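Note that the chains are named A, B, C, D and E in the order they appear, and that numbering of residues resets to 1 at the start of each chain.
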Amino acid sequence: MTVTYTSSVSTSSVVSNFLGLLLRWRGSIYKLVWHDLLAFMGLYFLLAVAYRFLMNEHGKKLFENISEYCTRNVGLIPLSFVMGFYVSIVMTRWWAQYSTIPWPDPVAILVSSNLHGYDDRARAMRRTILRYVCLCQVIVFSMISPRVKRRFPNYDQFIEAGFLLENEKTIIENLDGAFPKYPKHWMPIVWAASIVMRARSENKIRDDYAVKTIIDELNKFRGYCGFLLYYDWVSVPMVYTQVVTLAVYSFFLFTILGQQWTQNERSHIGESVVKWFPFLTILQFFFYMGWLKVAEVLINPFGEDDDDFELNWIIDRNITISYFVVDEMHQEHPELVKDQYWD
Amino acid sequence: MTVTYTSSVSTSSVVSNFLGLLLRWRGSIYKLVWHDLLAFMGLYFLLAVAYRFLMNEHGKKLFENISEYCTRNVGLIPLSFVMGFYVSIVMTRWWAQYSTIPWPDPVAILVSSNLHGYDDRARAMRRTILRYVCLCQVIVFSMISPRVKRRFPNYDQFIEAGFLLENEKTIIENLDGAFPKYPKHWMPIVWAASIVMRARSENKIRDDYAVKTIIDELNKFRGYCGFLLYYDWVSVPMVYTQVVTLAVYSFFLFTILGQQWTQNERSHIGESVVKWFPFLTILQFFFYMGWLKVAEVLINPFGEDDDDFELNWIIDRNITISYFVVDEMHQEHPELVKDQYWD
Amino acid sequence: MTVTYTSSVSTSSVVSNFLGLLLRWRGSIYKLVWHDLLAFMGLYFLLAVAYRFLMNEHGKKLFENISEYCTRNVGLIPLSFVMGFYVSIVMTRWWAQYSTIPWPDPVAILVSSNLHGYDDRARAMRRTILRYVCLCQVIVFSMISPRVKRRFPNYDQFIEAGFLLENEKTIIENLDGAFPKYPKHWMPIVWAASIVMRARSENKIRDDYAVKTIIDELNKFRGYCGFLLYYDWVSVPMVYTQVVTLAVYSFFLFTILGQQWTQNERSHIGESVVKWFPFLTILQFFFYMGWLKVAEVLINPFGEDDDDFELNWIIDRNITISYFVVDEMHQEHPELVKDQYWD
Amino acid sequence: MTVTYTSSVSTSSVVSNFLGLLLRWRGSIYKLVWHDLLAFMGLYFLLAVAYRFLMNEHGKKLFENISEYCTRNVGLIPLSFVMGFYVSIVMTRWWAQYSTIPWPDPVAILVSSNLHGYDDRARAMRRTILRYVCLCQVIVFSMISPRVKRRFPNYDQFIEAGFLLENEKTIIENLDGAFPKYPKHWMPIVWAASIVMRARSENKIRDDYAVKTIIDELNKFRGYCGFLLYYDWVSVPMVYTQVVTLAVYSFFLFTILGQQWTQNERSHIGESVVKWFPFLTILQFFFYMGWLKVAEVLINPFGEDDDDFELNWIIDRNITISYFVVDEMHQEHPELVKDQYWD
Amino acid sequence: MTVTYTSSVSTSSVVSNFLGLLLRWRGSIYKLVWHDLLAFMGLYFLLAVAYRFLMNEHGKKLFENISEYCTRNVGLIPLSFVMGFYVSIVMTRWWAQYSTIPWPDPVAILVSSNLHGYDDRARAMRRTILRYVCLCQVIVFSMISPRVKRRFPNYDQFIEAGFLLENEKTIIENLDGAFPKYPKHWMPIVWAASIVMRARSENKIRDDYAVKTIIDELNKFRGYCGFLLYYDWVSVPMVYTQVVTLAVYSFFLFTILGQQWTQNERSHIGESVVKWFPFLTILQFFFYMGWLKVAEVLINPFGEDDDDFELNWIIDRNITISYFVVDEMHQEHPELVKDQYWD
């Protein structure tokens, strides 16, 4: 599950509560940036040592020239602009993906309300419709999330977890043979619709109106699942991601060169400080690299970062609650009594 | 309730009415920033005093070098960019959260119109459905808002306030035992749907169409409540908040160093001014810190800032108006008479 | 009504038609900015005169130092950034508010089509439903707009204008006593729904389907009216408005200091020009203050600026057209004849 | 019709296909900017000539001072910022307006499917409903577009074009007398709804359900037409447009002064180049003026620019296709035969 | 199909996985930019050689002046701003276009559920409705995508592929003669609606409700197809594209001049480096040109770039799955058995 910190920032207090967030490690910027930072500083000090102890006069002169050139021109790339726009785009997609995850609750409530009967067949119908709805979601999740894929590497795990039965597996596998290129997540939804029609013809659902409502809701569920797949297929265009990555990494390559301490005149001030530890440069690295990591973490919110959505929790919750609503709670409600404010 | 000032800015007058807003204290920027400002100025003057009276020549030289270095390089971090984008994102979420708060009025009007009968049972049905709707909202609010949580620390307070009855509490608590990890806000909605179905089978609701409409509206209400929870679970990614906070605070740390008055040549102009009070630096601090506080206040609009939503008012209003609409006003309307423009 | 100029810019001609807009006064930037501009220039020249004629050498030196310091550091506040983002947010809200204003036309068409009968009672029903719809809107408008409030300071003016009858006023006033803290705009909508149910039970509306459609539309209307209220309650957070206002005004305070002509070396160029009239500084003031005024005008679009929405026109239009559609035009249409292209 | 170039940019080829677009004239930036550019260059060279040949020493000195001052301070106005935000707002509105244009196709399909009968009266009903729908659109278009207004200056042209009949014209003109201030585009929609109700009572439409669907669709159509009017009434606030226009034009006024070649020390480099032709300044003018022209063209997309929407084409298409669908194609479809993949 | 890389970035690992993306060729920035880069470097070195070996003193002096002038003034055009806003607009449209592509699945499920019967006529009806839906989409795709156009250059290829029959082709061709200017994609949808009405009158669809639902869905499908056409007709205004293209290319033209190594004083530092290879300038070119290419690739997502949508795959998938759902799977579902968690 995404690292939740809303409750820590519920009010703006004397000591800024955003400062408190800086002390966290899980899902933090430090955890994401530290290896890049190490590499950056390693390279920086390697060059610094080389310049001071290994180079002869001619080498030093050349190095100073290169360093000077980098200092002057590193501003040619408008890093802040491109990062600002790129991260905005990635965050918009990230939230849209989250909002797209469908929940089976409306289907469950509709089925529980409209598919009458306490006999085994009615119960089986209600449970099976909801199982199919959850199955559709699990199939899609296993296509877009490596974490769910590891939990359900093939159909047998679906069966073990109770989402699929043997005879259904056979049907899907046959279809996989016939149309290997197309995803099959819509199949359980078509089955669910067929069960709804059967329930209508057996008069377990008593009006056409309810049939229509349930099928609409099934279609909506399938639509959202399909949209999750599209988000997976069509990401932010790779060209854009490449442009941004190239910009950030080459910017810091040239920063390593340009921020070196050298012996020419510009450097006489502050020499004792930057000589060995250019802390503002390191802060700048931390800042831009952190901004890039925000994009890196959010671009695939169904991955395995600390901050990614906990799809396995969603899967378990959905099947449990669905069964509960359509079975245990079927048309049950607490006794009707007068409430406290009754006239 | 959010600090309302719309009526003070209804027209653009001779003296800008935005200027008038600067005189307010409640929910104001001063109230939010003053302690940070004190800390900032304290640190600044501490260093200034130390530099002028405590350091020896060598220390002064070092300090001047550091200060010079900070002045030159503090521009490496594009604070305005990252703040602009970040605050935009936070504000968009903030308004979306506000718009997501559901109101029971449509359910009340539909139930009042379609669930007929003046006997006790019909009244109890109408009142109970609306009570369940409000209960669902209160449960969600108590999960996302510390202020509501304090008012309703556990189910007993729900009972006291008339949202829950003893027998219902028992059911929910049993369920809490069975599925401790999942929120239970959807249960009252399922009960409400069951009551609607019962009313239909007792012919208190006279057509399937009305049943469908009410259940749709219940589902919509539950959906919005669920969305409020998702906003709580998945906030702006913590990495982003950390990057911004780090940027602002380290920026001002280096500003404290870089904006010190020192004895080297750059400082001969304006020396008498900045010597003791760098007012533009302080204004800059005020500005950026204020911008950050906007984000801090808005990131959790259900918290306890002056500017946060008054959920307790909403809770009271909803249960009162709901009961009123479905009970006192049930299918009542003023006598039909000819209006003023009748031909 | 908002100042309309679309027809003046219908095509891009030889002389830019945007230039033509600069000649307008009503709703113009000049009308909004001129007093601020006067104050700005007054202060500027006051200081200029004081510097040249009133100060002794020591005072001049101090003033020059302060001026120099302001010139150097006024760039510390990124005015263009914060203005760009702030005005974007305000404009988005402004248009959203305009789009939220509901129109009774769909209700009128549905009522006119589905509530049959030419007798007085049917006519009264149709007219009353629409009157209630318009009443709901007028109540909301009088809560959010000072201009409408002046027209309808209390319920008596509603009665005079024909939106409310005496007996209805009594009911609302009783309720005002019982629940003084809650707005009452939803009451007429509940009444309208009750009349619809009565019309159904008297078979003036012939199918449940039409009932559902009308009540849905009533609910939608009430929803939009409620949303107008939320926009009024929760504006752009005051903290943000304060940050922006502070930034703009303090920026120009320091500009007045920093852009003064002084005798030190930097000023030997162009001295004869800026000596008495710093026209670019004035243009800059005009520009930023104009940008701020855009926000000031748009932040409350229901106020009394030239550019604000003409709610009184909307009120009159709605009641007139509503009565006309449900009464004179009730189920009337021109005779059906063959059209021109009838084979 | 908007200048279409999508097919020229279908793929990114060896020579950038955006370069190819630079060779177009119709709807191009050159066509929009050339007169402004001429005026700009005329003024520039006038001043250059005056400076070199007409001024005495004192005049030259003054001019140099002014020029120097403009060069230094022209950056005070953040042109790129305000243009970026302004053009974004204008483009968003432009596309929203385009998306708002309604099409009668859904009404046509619903009427054709549900209003049964091949007799003259049924045909007249179907055709008249669609004629009213198109009439509503044409009335709105003639209110917002000067091009359509020229085609339909008054009701007689509507009659000639077959959108209106004499008796209908009389009704509308009477109403124009009674309520001159309100637009009348909703009247044909009310008539259409009345015809639908008549068709139902004559059992030409066989179920209430279809009636509801058609009236919903009519309401939606009227809603979109109304929204086109609102876009026309409430444009981007004139204050904003004035601020932007003032900024751009005064920027270039001061650029003309500031970019002049003068004899003071700064100018010794590159003198032979900028002496007579400041090509980068001209490019800058081209760029910013082009950006402004984008806004100017898009702010009223129903005007007469090359790039504006071709409303007359839409009008003709809609009436033609509507008649065709509800009449010739009424409940016709090709013979049902087995398709190619029939098992 | 768009180049998919989501699975490569599922988690943020030790070595940034964005770095891995830099090694790809297909759909990469290198593939898009290399020819422009070659041209840029060719021009650059041509000038460098000319300056050093071909020019006499006077030519060198002139060249140095021009170079100096370009260096100083190339910042006049705010490239990063206009690129940021332009690419944002293009990306928003790109994703909107992708989201607009309709899928026939909801129609298929509704038809399969509601159009009963296993005889040949019922099967033919179901299959034909879905064939018409797919046909509508294929017609639209062939109008907006050169790749699909190549696959279906005229109606005969539609017939071959099984989307169209001979008799239908005749009807459409007749209509093409009558109304050559209007697209015909809506015709199959009108036919499909007629078949639905026929099925209702033959009682193969058993309630009016289902009829309404299917026709709504058909209308929605047609609406989306129409919207794809509008996106094709009205692209980002050409003026804007021209402004951006001009800005980028002229910027680099002046960069080639301004970034040359010359003998005047500014250049004594770093001379050995930039003398022959200005690597930061080349990186800058790479960066801005890459940003422009992002826009170029996305502006027509139905073209033939590596990154464009694979419409042919969508066409094949849709007809296959549609037939499968309405025919093989018609009202079939796996046997109902007790699931694993059955109490």
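Keep this in mind: a contact is a pair of C-beta atoms (placed from the backbone, for glycine too) under 8 Å apart; a residue touches a chain by one contact, two chains touch by 3 or more.
As the structure is a prediction and not an experimental result, all values here were calculated from the model.
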Chain D and chain B - chains in contact with each = C
Each chain counted as touching chain D and chain E at once = none
Mind checking chain C against chain D and telling me if their interface is mostly the same residue numbers on each side, over half, or mostly different?
-> different
Angle (degrees, nearest 5) of the CA superposition of chain B onto chain C = 70
With chain centres defined as C-alpha means, what is the inter-centre distance between chain A and chain E in Å?
-> 24
Approximate Å spacing (C-alpha centroids) for the pair chain A, chain C | 39
Can you list the chain E residues in contact with two or more other chains?
-> 32, 81, 84, 88, 209, 293, 297
Based on the touch definition given at the start, go ahead and assign the chain network to line, ring, star, complete or other.
-> ring
From chain B, heading first to chain C, what order do the chains fall in as you go round?
-> B, C, D, E, A
Which residues of chain A touch chain B in their complex?
-> 1-7, 9-12, 14-19, 21-22, 24, 27-29, 32, 79-81, 83-84, 87-88, 91, 94, 98-99, 103, 105-106, 109-110, 112-114, 206-207, 209-210, 213, 269-274, 280-281, 283-284, 286-287, 290-291, 293-294, 297-298, 307, 309, 313, 317, 320-321, 324-325, 329, 331-342
Write out the stretch or stretches of chain B touching chain A in their complex.
-> 32, 35-36, 62, 65-66, 68-70, 72-74, 76-78, 81-82, 84-85, 88-89, 120-121, 124-125, 127-128, 131, 144-146, 162, 165, 167-168, 171, 179, 181-182, 186-187, 189-198, 208-209, 211-212, 215-216, 218-219, 222-223, 226, 230, 232-235, 237-247, 249-250, 254, 264, 292-293, 295-297, 299-300, 302-305, 308, 323
